[in-house]
Amino acid sequence: MFTHFHALQYEAKPDAPDPDFARKMQEVLGGQWGEMTVATQYLLQGWNCRLPGKYKDMLLAIGTEELAHVEMIVTMIDRLLDHIPLKPDAADRSKEAAAGYGQHNPQHPIVNGAGASYMDSMGNPWTGAYVTASGNLMADFMYNATAEMQGRLQVARLYNMTDDPGVKDLLRFLITRDHYHQQQWLAAIEDLKTEGLEGIPVPEAFPLEEEVGDLGYTFIDTSDGPDAAAGSWASGPSIDGRATFAARRIEATADAPILPPGDPRLYPTPQ
Amino acid sequence: MFTHFHALQYEAKPDAPDPDFARKMQEVLGGQWGEMTVATQYLLQGWNCRLPGKYKDMLLAIGTEELAHVEMIVTMIDRLLDHIPLKPDAADRSKEAAAGYGQHNPQHPIVNGAGASYMDSMGNPWTGAYVTASGNLMADFMYNATAEMQGRLQVARLYNMTDDPGVKDLLRFLITRDHYHQQQWLAAIEDLKTEGLEGIPVPEAFPLEEEVGDLGYTFIDTSDGPDAAAGSWASGPSIDGRATFAARRIEATADAPILPPGDPRLYPTPQ
Amino acid sequence: MFTHFHALQYEAKPDAPDPDFARKMQEVLGGQWGEMTVATQYLLQGWNCRLPGKYKDMLLAIGTEELAHVEMIVTMIDRLLDHIPLKPDAADRSKEAAAGYGQHNPQHPIVNGAGASYMDSMGNPWTGAYVTASGNLMADFMYNATAEMQGRLQVARLYNMTDDPGVKDLLRFLITRDHYHQQQWLAAIEDLKTEGLEGIPVPEAFPLEEEVGDLGYTFIDTSDGPDAAAGSWASGPSIDGRATFAARRIEATADAPILPPGDPRLYPTPQ
Amino acid sequence: MFTHFHALQYEAKPDAPDPDFARKMQEVLGGQWGEMTVATQYLLQGWNCRLPGKYKDMLLAIGTEELAHVEMIVTMIDRLLDHIPLKPDAADRSKEAAAGYGQHNPQHPIVNGAGASYMDSMGNPWTGAYVTASGNLMADFMYNATAEMQGRLQVARLYNMTDDPGVKDLLRFLITRDHYHQQQWLAAIEDLKTEGLEGIPVPEAFPLEEEVGDLGYTFIDTSDGPDAAAGSWASGPSIDGRATFAARRIEATADAPILPPGDPRLYPTPQ
Amino acid sequence: MFTHFHALQYEAKPDAPDPDFARKMQEVLGGQWGEMTVATQYLLQGWNCRLPGKYKDMLLAIGTEELAHVEMIVTMIDRLLDHIPLKPDAADRSKEAAAGYGQHNPQHPIVNGAGASYMDSMGNPWTGAYVTASGNLMADFMYNATAEMQGRLQVARLYNMTDDPGVKDLLRFLITRDHYHQQQWLAAIEDLKTEGLEGIPVPEAFPLEEEVGDLGYTFIDTSDGPDAAAGSWASGPSIDGRATFAARRIEATADAPILPPGDPRLYPTPQ
Amino acid sequence: MFTHFHALQYEAKPDAPDPDFARKMQEVLGGQWGEMTVATQYLLQGWNCRLPGKYKDMLLAIGTEELAHVEMIVTMIDRLLDHIPLKPDAADRSKEAAAGYGQHNPQHPIVNGAGASYMDSMGNPWTGAYVTASGNLMADFMYNATAEMQGRLQVARLYNMTDDPGVKDLLRFLITRDHYHQQQWLAAIEDLKTEGLEGIPVPEAFPLEEEVGDLGYTFIDTSDGPDAAAGSWASGPSIDGRATFAARRIEATADAPILPPGDPRLYPTPQ
């Protein structure tokens, strides 16, 4: 159950409208790594979490904070869209460039009446397929960590794509929170390990004696890049501490498959 | 540039057809965390990689191996679909259950003529939106690690959903390779750190002095779960080694936003 | 900005697990007319609303309540998925039917580990394309009213598709809230009219003298159904009170179009 | 069964090509609220309608008219795409702006050879998910009414985004028909009520005694906006005429949910 | 412009309801190769066709006939959905099998109230991305021919998946029309060639002297399948009559690409 | 099983960066008719092929070559994205036009860090729904032929949309291979016919005596275009050599359908 406050967690006010940048900001609202994804994902992981206690409580707390981030970015986009030019100004293209006509999203005026929507910078609607909630916290916290990395990367790039002080101020806030949230997931992963709840390989409970030969510790090379095995993944102690890494070329171990003939009721070639 | 060999990396032959399980196997072929995703993702990260050497070479090598995994799962699905029943057998439902009619994917016979396709177990087509290639190797390797975790988790679950020895044999192979690949990405992340190419927070090159106050080290609690701050993410040394974690309740720092009136050319309420 | 409480707005506990029904419940979570749609839609309309006061405040209030509905349905689905059977029981299909194997969603166990996800009952992920926020309150409140009608209809149908008292109890709650919410939007539409903020046709501010002839008041019949013009839409006073309805057969008013030849740089037929 | 006539219902000829505007026109062809949606939706509602007579006949008649609207917009887009510039003219940007290069849709020349396609202004393909046909006429006619409102709103906005007299002429036609069609659906809703076929709440046949307490008449406030309960939805007689509206703050009525532990066969955290 | 007649082109009446088969029939209504695709595709190709005369006229005629096919399949699905069981009958699974509960589409009752919708047999909504209209008639007529082949194949498979005489009767009609339509497109392709409007390779107007070496006539072998070059595509006269086919192994002709370092403003690895 | 070589099949190096053209090139990488489609489609058809020998071997060979085409286009796009401008240059729009800012894809810098991704020129992600593999080789080879036609058409159009010699060189290579591949599929179709494996109508094994009347040889006219029956599809010998073509107007052969009343458990109109 939630309650809402009209005041914002942080200011979301550009110094001037910029419809082109409004389109770009959509990426961190409704793109794969935008705030919609982390808000709905952390909440879903929290609700689905069958282990009561600190992980579940933390998931619901951070998910709720991310809703406030959604709110601020929507507000910023709305303000960037003020006075959006509706037609190109053929007589004076520099005026138009300043006004942000060249790259704006036509759905912003036509569909949303100068408002934000749940899409990315290319107009793809946000989708629930962006959300991962596997029921295994280690697997999901790794995903959450990468989400905060991809997210911070995108906001940091946007920071280099505008000169507006008000926009940059909100971006700095988002970058800072992503800094913390990266650490939050990495710390939670360490806690999972320390508490013996999960380890490498995920899921650790699958019996290792069911695995096949040395394939759990072998880099298989399939390309002619000379340095593919020059990393710590191809020699030395394994990450899970159970063996030593090795490397070899790919090899076939089964014959070319011969499929039975097609079923005539399905009209294959040949009957 | 690639060359192909008809022989398989590993055997992909069920002991008996099972159209229901064929549908389930589609998840690890064309689902979000299936082999199509990792194959095309590692190749794209490799091609796009602007840093020559071991990372680029390794990416192209593993991507190419994953293509062989796609091939084996397609082959397995094809064989599971042999003799697919086309109608329910009203007189004898147990016969039908054995034959796998109850949960089969109707597109397997109607659209693909008893063949695999690039979709997941619920029939959603695989999409390029599953692929992440950000140009930042640390962010992407974290994603790759979670992909191998989600993937191994799904295959391990499928292992508990069939009794067919031939199917289980291929699943054991896939589980084993995912075991290795998880370690491969974690090892590569360690190499990136050791070599000073990237660190926490990602991207490390964004100047930390631009960040806002202590928000890079503060857990913000927004829910009444009593244990949300009981993890190592809310007190003690920070993961990036630069500060100490703290926790506090969420607070508003900006007034409720007042948007300017709508643009009459867009017919808002009010005019 | 939001805060969250772990306690639920209403109880969400089935008397027994039922994985088949869990799949069906997904429709009112992540389907086109599910709680995800209304929650995110009302919030977006509220944030985007450029008219301060009761409409904006009400939108943000109802959107926040809908988040609590999302939470309850996720919780219900999680509990319906307890002890999900992983394999058909060929020896005893009636046992299986009772356990809900026949129609379950394979992604529930494979992808989500017996948890809910943001998809509908056929596995289509929820999409931001379901959300409408046009900036015109009358147009959007009509959409909101139909959303609550479609939603109540679906929940009422689900009510007839289960005998579980716990499930039915939550469905009764949802049906009751949809009853209120339908009225809420219809009342808000009346307020908009009363206050002179919008009227029929939407948008009322477009100058009617720009319209074409009597086409704003004429039913155009294109089919041979004998009763098409037998409704109040084809004769009598018009809904907007400005004219009288009439009816006539469709007629062409422009010649068959002749397009200029294709551009040879685009290789049409013919060059 | 249909027959087709090459002559157009209304003229669809721009005074000059304008590839940028062609892209924008796609919104009302293949966008969520475009002519493809209403044409296919009204026809589907008509074919599915299990009540013979005036509603079914009217649905099939209006759906068939909307096909003529699809045809006219396709024709308009084709003509706007004549002589589309294939490259930017770096030497003279104003010339290019006049020619409409800046915002054009690259698929128009590359994929469609200067022709229309079934997508919106951001290139999202039209989807059957836009179509609603619930089997309940009241719920669907409300949807149809909002469709005509959203549609008229978008066309009226487009009207302010061009100076081309030929384009404006077709837009005026579409705006006028949307004016009528809004009234048509509102009149049909009145007929449904008058004839006792449906009422508020939809579906009216669900027994009201199954509803929960006073929740069918209560505005639940979850936010701190001071005016949320200042509308006619929170006090006074209810819309359905059966009670009086009230308002109160959101309250929890069930404890925080405790889910049972995860199933070990699915490798949750913890095992 | 269209007119509609309530009478059907052919009867669409099953002998008995069958909700399972209703789901399967959706494939040829709203699937990639269903009637929605061919109806909307032929009409779009016709409207976009810049060459007046027999091809344009024929396209609009066949597209209009396909709308009648859409109508018949919708009608058939509606009737197959009569009396759809809403719950499994645990006591008597054979009764349920007869009633078609096991594989039915849950959206049919929940969303559509026992009506058809624009989706395929796995519930994916029909999408405008299925429609091809390139502006080159030869390329598009080849696509149309394959559409009628894929379509006839699917209907012929459905014919083997039911025993209902009424359903089979409509399927026979559709199979027969697909028989004719395959020939229609192949005949139109011959006309295009005979009239010199297009030839192989498409587009024939691209100057062949711009092509690279003998690569327009060479089979490039990349796999170890022994028979890959045993077809008429690898030796003998070429299809376009201009040369002789040859075969050789794939060879690299350019060095491994070295990309320039990443742009620091985008935070790549390395900085 | 595959192996990979870093050297390229053909050079993929532009003379200068051009982010606008990078966006356009995405169409032939991740669009419906791009290299991702043909690569994954030919491989899937090959793996699924139940007829051993030349067709299966050839499918796997050509699919593997197409992977090399994917690689080259990715490489080209990466290089076109070097030094992508991050902001418009309001003071000097011609400079910006030269740099390719006006039409660039904002996800290229924000999401992919100046790298390619699996999407088309409008940003739609590539989808497995583009892939056809029916199990009937004739139907699929027709599809493959049209894929090579649509593909060559698009590349030939791109050739007219750039002046960069390096880009044009790669486009010439792709156009040339598409020339060959069109012939390859047409030759394979001839082989299928010659060897008696399939014929017209596809599938030929469906018994023609089950077809309905003369509808397999009759053009049905539904429009008033005067020339619709002026092609070889409406008179003269049929393509399958079994009859003579005829033409007639569309006629209804079944009464207007009367559906039974809706099921009250689903709350239709009326109850």
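Think of it as A, B, C, D, E and F in the order they're written, each chain with its own count starting at 1.
Convention: a contact is a pair of C-beta atoms (placed from the backbone, for glycine too) under 8 Å apart; a residue touches a chain by one contact, two chains touch by 3 or more.
Just so you know, these numbers come straight off a predicted model, no measurement behind them.
Of all chains, the one whose Cα centroid sits at the greatest distance from that of subunit C is F.
Although subunit C and subunit D carry the same sequence, what matters here is overlap: shared residue numbers make up over half of all numbers found at their interface. With rounding to the nearest 5, the Cα superposition of subunit B on subunit C corresponds to a rotation angle of 120 degrees.
The mean-CA centres of subunit D and subunit F are about 30 angstrom from one another, to the nearest whole unit.
Residue numbers of subunit D whose C-beta contacts span two or more other chains: 1-9, 32, 48, 50, 55, 57, 60-61, 64, 68, 75, 78, 86, 93, 102, 109, 111, 113-114, 119, 122-125, 127, 129, 134-136, 138, 153, 156-157, 160, 203, 206, 222-223, 225, 250, 252, 259-260, 262, 265-268.
Residue ranges on subunit D touching subunit C, taken from their complex, read 5-13, 32, 53-58, 60-62, 64-65, 68, 75, 78-79, 82-84, 86, 109, 113-114, 124, 127, 129-130, 132, 134, 136, 138-140, 142-143, 145-146, 149-150, 152-153, 156, 159, 172-173, 175-180, 182-184, 186-188, 190-191, 200-203, 206, 208, 210-213, 215-223, 225-233, 238-240, 245, 250-257, 259-260, 262-263, 265-268. Those residues of subunit A whose C-beta lies close enough to touch subunit E in the complex are 153, 156-157, 160, 265-267.
Partner subunit E is touched in their complex by these residues of subunit C: 20, 23-24, 27, 31-33, 93-94, 97-98, 102-103, 120-124, 153-154, 157-158, 160-163, 222-225, 250, 252, 258-262, 264, 266-271.
Only residues 1-6, 48-52, 55, 86-91, 93, 96, 101-102, 104-107, 109-111, 113, 119, 122-125, 135-138, 192, 197-198, 203, 205-206 of subunit E touch subunit C when the two sit together in their complex. Of all residues in subunit F, only 1-9, 30, 36, 40, 43-44, 47-48, 50, 57, 60-61, 63-64, 67-68, 71, 74-75, 78, 111-119, 125-129, 131, 133-136 touch subunit B in the complex they form.
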